[in-house]
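Two complexes are shown next, each including chain A; its partner changes from chain B in the first to chain C in the second.
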Partner chain A sequence: MSAAMVGHEVRALLRARRTRLAIGIVLYAVVGAPFLLAKPPPHVAAAATEWFHASDPAFALFLFIWTDLALNKLAAVLGVVLAGGIVREEQSRGLLPLLWAKPITRARYFLVKLAAAAIVFSMLLGGAALIGLVLFPWQIAGFRPVPFLIVSGVHLFGALFAVVLSATVAILVPRRLTAMLISLMLLMLLVGSAFIGFYNPAWADYAAINPFYHAVWLLGHIDGLTVAHVLRPIAILLGVHTVFIAIGVAAVRRIEP
Partner chain B sequence: MNLRRERILDPYVRAELRLALRARHLGLLLLGVAIAVVDAVSTPRLPVFALDFLRSSLRLESMADLILVNDYLGLYMIVLFAGAFELMRVYVGPAEARELDLYLAKPIGRAHFIAARSAPALLATLVVGAGISIANAITLQLWLGDVALVPILAAGVLITAFVLVLLAALNLAYLWLREVEHAVLLAFGFAIAPLLSTSVLIYRPDLFAGRELGLFSAFPASLLWHGGVSMLTALLALAGALVFAAVLVGVAAARLNRRPDL
Partner chain C sequence: MTAAIELDNLTKTYGDLIAVDRVSLRVAEGQVFGFMGHNGAGKTTTIRMLLGLTRPTGGSARVLGRDVVADSLAVRGLCGFLPASYGLPRDMPALDFLAYVGAMFGLSRAEATARGRGLLELFDLGAVAGKALGGFSTGMAQKVGLAQALIGRPRVLFLDEPTSGLDPLGRHHFLTHIRGLAREQGVTVLFSTHILGDVESICEQVAIMHHGRLIACGGLQALKAEHRAATMDDLYLDLVQGAA
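And now, the complex of A and B:
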């Protein structure tokens, strides 16, 4: 039953105008990223070497711009737009008494909505990476598709925190607009400080409380990527997501229709 | 009739204004203070390489400037999103909840409805902007000591004025939207657009070669160049922004008056 419901919710979200607008923003980011890379000044190229210890600073710089300016900013806004109104949207339309009377638990309903938002979010960010995979070999000198896909894939696990956080805050904060504002502010702070552990390695331990740091942690190991490098951030991020989803599930049980 | 209208409208305007400042604004103010403190504490502890990177890419010099550029960015983001979400309560929120017909059926003119709901949002923006500007100045004074306060306050006033202009335009654009999520996407676009120039300054400074005036679009770093902005300029900009916002609220009211479907 749940799989069918998730499928239905995904189709509804894909048809929604907000998703079409989001596709426009995603395309803009994918087209804009290579433009910023065409002629990096010397201090920017030097920064890529210093922070990511990469043998190919130009490619490391590309991955930095791709994850920091394109994917992270997209994640913050898309998470809020896709999941920031979960359950509260139905509540504002007066649908909750009807929904809570159906043979589905509140927790399951929350999880179905969250899963649909996460799937559409993954389609948007994954789609951005796939478009990049087609465009970037023509635009970026020395583009390496395999590390690009691995970095984008691991980043997606981190970026999904935007969906999980927005959904959980939506359940914890009764006013929908206030909840969305809180989520957006928190996410902008988190994406804004995602690279702080690279700027100052002495702060890497503090940076580790930020899920977006784990989403980009791989950039420091781009020369010798191993399976362990990929699995470590994914495992941490899945753990963080589980905790936040559990909080959302506990809180949704207490929402009055 | 006029007298009767006055009696109906005044309490409504007062009621909206009473709702202008809420707990969420105090929260945003505290967030601004927290950012100012964290910036002041952490920026001087960045490695020399990172500080030099900031200096070269944003064309800044002193430690105060390096701290302030992040303070200004934080102020801009907080004030803009505070106002943008507040303004969603003017039209988009009620339109989505199908409450607009109910509101407009009351003996309240559409122009008054728009004005009475927009004004508190813009007022809240001003208060949060002023509060964070003062926090930025005091924090820097406490941590660095010998820092001139007036230029920091002036920059804060100028940023708040700029945000008011963006919000007034956003408020008008919201009239074409019917869902809160669309409004969030649009507000995000409005917030990011003025910062694109800074990305170009960092990664593609070659594009500014021969276009020295264009450099000033690199907001908010450009507010720190050449000794910053004067308080007089900032206050004039704020006055201009308030007039502009009032005009655009009027345009929004006129637009709502022409809507036959409501």
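And now, the complex of A and C:
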């Protein structure tokens, strides 16, 4: 893959109006998380205490609010905003014949666009975590930066699925708006069902295929995090991403510019 | 003379519709070759097949000796293309866009930027190199279109209706530049158009398409003499009415 092309795509995406909107949403999520913690819904507080068995239930509850109520919803929206129009946007502008007449395969073009969206997405979510790292020690009693960064990092791997899925659906569904709505629905469904393994432990293995499950699963081990706890979800998530990227690559070859 | 473009019974069908019907022709290197026909005659489909944008249904084609299907990437690396209608990324500055296209040819960022800047200056757009393309006029956008087609230093240039939408002065400059590319740099130009005056002013060899079929191919003056046509218009009408 051409690093120069990815660089151009990243700069173009950073200049886009929708990315400025995304930055606003990210800031809102970072600023809003401590307010949610100040008065959490009682059923959320009770569930977090019951599920995670943490030595510091308040910190576990904060991480739960951060990953699920803030980052998961944020990821679903950002994924669709950044990658939901991949290739189709250029097609609707009449730019594809011009670009695909160059010495680049369609698969490589798709991968460049996907990589750029993933980089900008990571910058936004990573930026949110870094802002949180500065702000939260002042706002959250008992804030522990290392578990916070680990959980945020694993969450990022899972959240990248929002980009991968949105890009793949954009290739499979010719109408851009329809594709974006389908992606948003699927992502919200996955975000909403991320806790199925907590509600019913017998389903925990099946829940592992849900990319949004893993960061929250990690909260159940927050007092004794090991390398294995981190690598297991990352390995699963890489596998899931690869399958969906392969579907996108296969489908993009069939698009007539 | 070596052939830059060779078509051998090239065919494209969409269901029952025959868009290009067993077209065979040969374009010598370094020529500006007029490729004429009314809208829907099959010119654009032929160019799209040559550039790997759509697969031929039958026949074969070679560009600079390379098969357009089996060796499509190599063919595209040797060619430049300006489509008939296209959009440019509105938010992107002109120079960034050219550097991006240059990266598609494997150029380093520095090389692509240098070439892009040179082309923009050549087309009198140096002063607006950093401006977003969304604010460009039709003529300026067409110059950027030609610049992107040239950034890979192509040996074969496909221009599909390149002068549509240009004012007379812009058209004159554009055609002068195309002629210069062929004469001074030996670039082969396949110039697809239905503006007959443009063909008459820069092409020596022409091919005329009608309903997907090639109805004439050869030297412009020889075709005129053969059909006793005083002007390009007379020749075109005689051929098209004869084929109808």
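We adopt the following convention: the second predicted complex is superposed on the first by the 247 of 257 C-alpha atoms of A that agree within 3 Å, B and C clash if a C-alpha of one lies under 4 Å from a C-alpha of the other, contacts with A are read in each partner's own complex, and residues count from 1 in each chain.
Everything that follows uses one rule, which is that a residue touches a chain if its C-beta (ideal position, glycine included) is under 8 Å from a C-beta of that chain, and two chains touch if they have at least 3 such contacts.
Here the structure is a predicted model, which means the values were calculated and not measured.
When the two complexes are overlaid on their common chain A, residue A:Ala38 makes contact with chain B while staying clear of chain C. In the superposed model, A:Arg93 lies in contact with both chain B and chain C. Ranking chain B and chain C by residues of chain A touched puts B first.
In the overlay built on the shared chain, the residue A:Pro145 is in contact with neither chain B nor chain C.
Look at A:Gly239: by the touch rule set out above, it reaches neither chain B nor chain C. When the two structures are aligned on the shared chain, A:Leu184 is found in touch with chain B, with no touch to chain C. Once the two complexes are laid over each other on the shared chain, residue contacts for A:Ala47 go to chain B alone; chain C is not touched.
Once the two complexes are overlaid on the shared chain, A:Arg11 sits against chain C while remaining clear of chain B. Contacts of A:Val80 after superposition on the shared chain: chain B is touched, whereas chain C is not.
Common to the chain B and chain C contact sets on chain A are residues 16-17, 93.
Those residues of chain A that touch chain B in the complex are listed here as 16-18, 21-22, 25, 35-41, 43-44, 46-47, 50, 65, 69, 73, 77, 80-81, 84-85, 92-93, 176-178, 180-182, 184-185, 188-189, 199-200.
On the side of chain A, the complex with chain C involves touching residues 2, 4-5, 7-9, 11-12, 15-17, 93-95, 97-105, 256-257.
Chain C makes touch with chain A in their complex at residues 48, 51-54, 73-74, 76-77, 79, 81-83, 85-89, 91-92, 96, 99-101, 103-109, 112, 145, 148, 152, 158. Within the complex formed with chain A, the chain B residues making contact are 24, 27-28, 31, 35, 45-47, 49-50, 52-53, 56-57, 77-78, 81-82, 85, 88-89, 93, 96-97, 179-182, 184-185, 188-189, 192, 199-200, 202-206.
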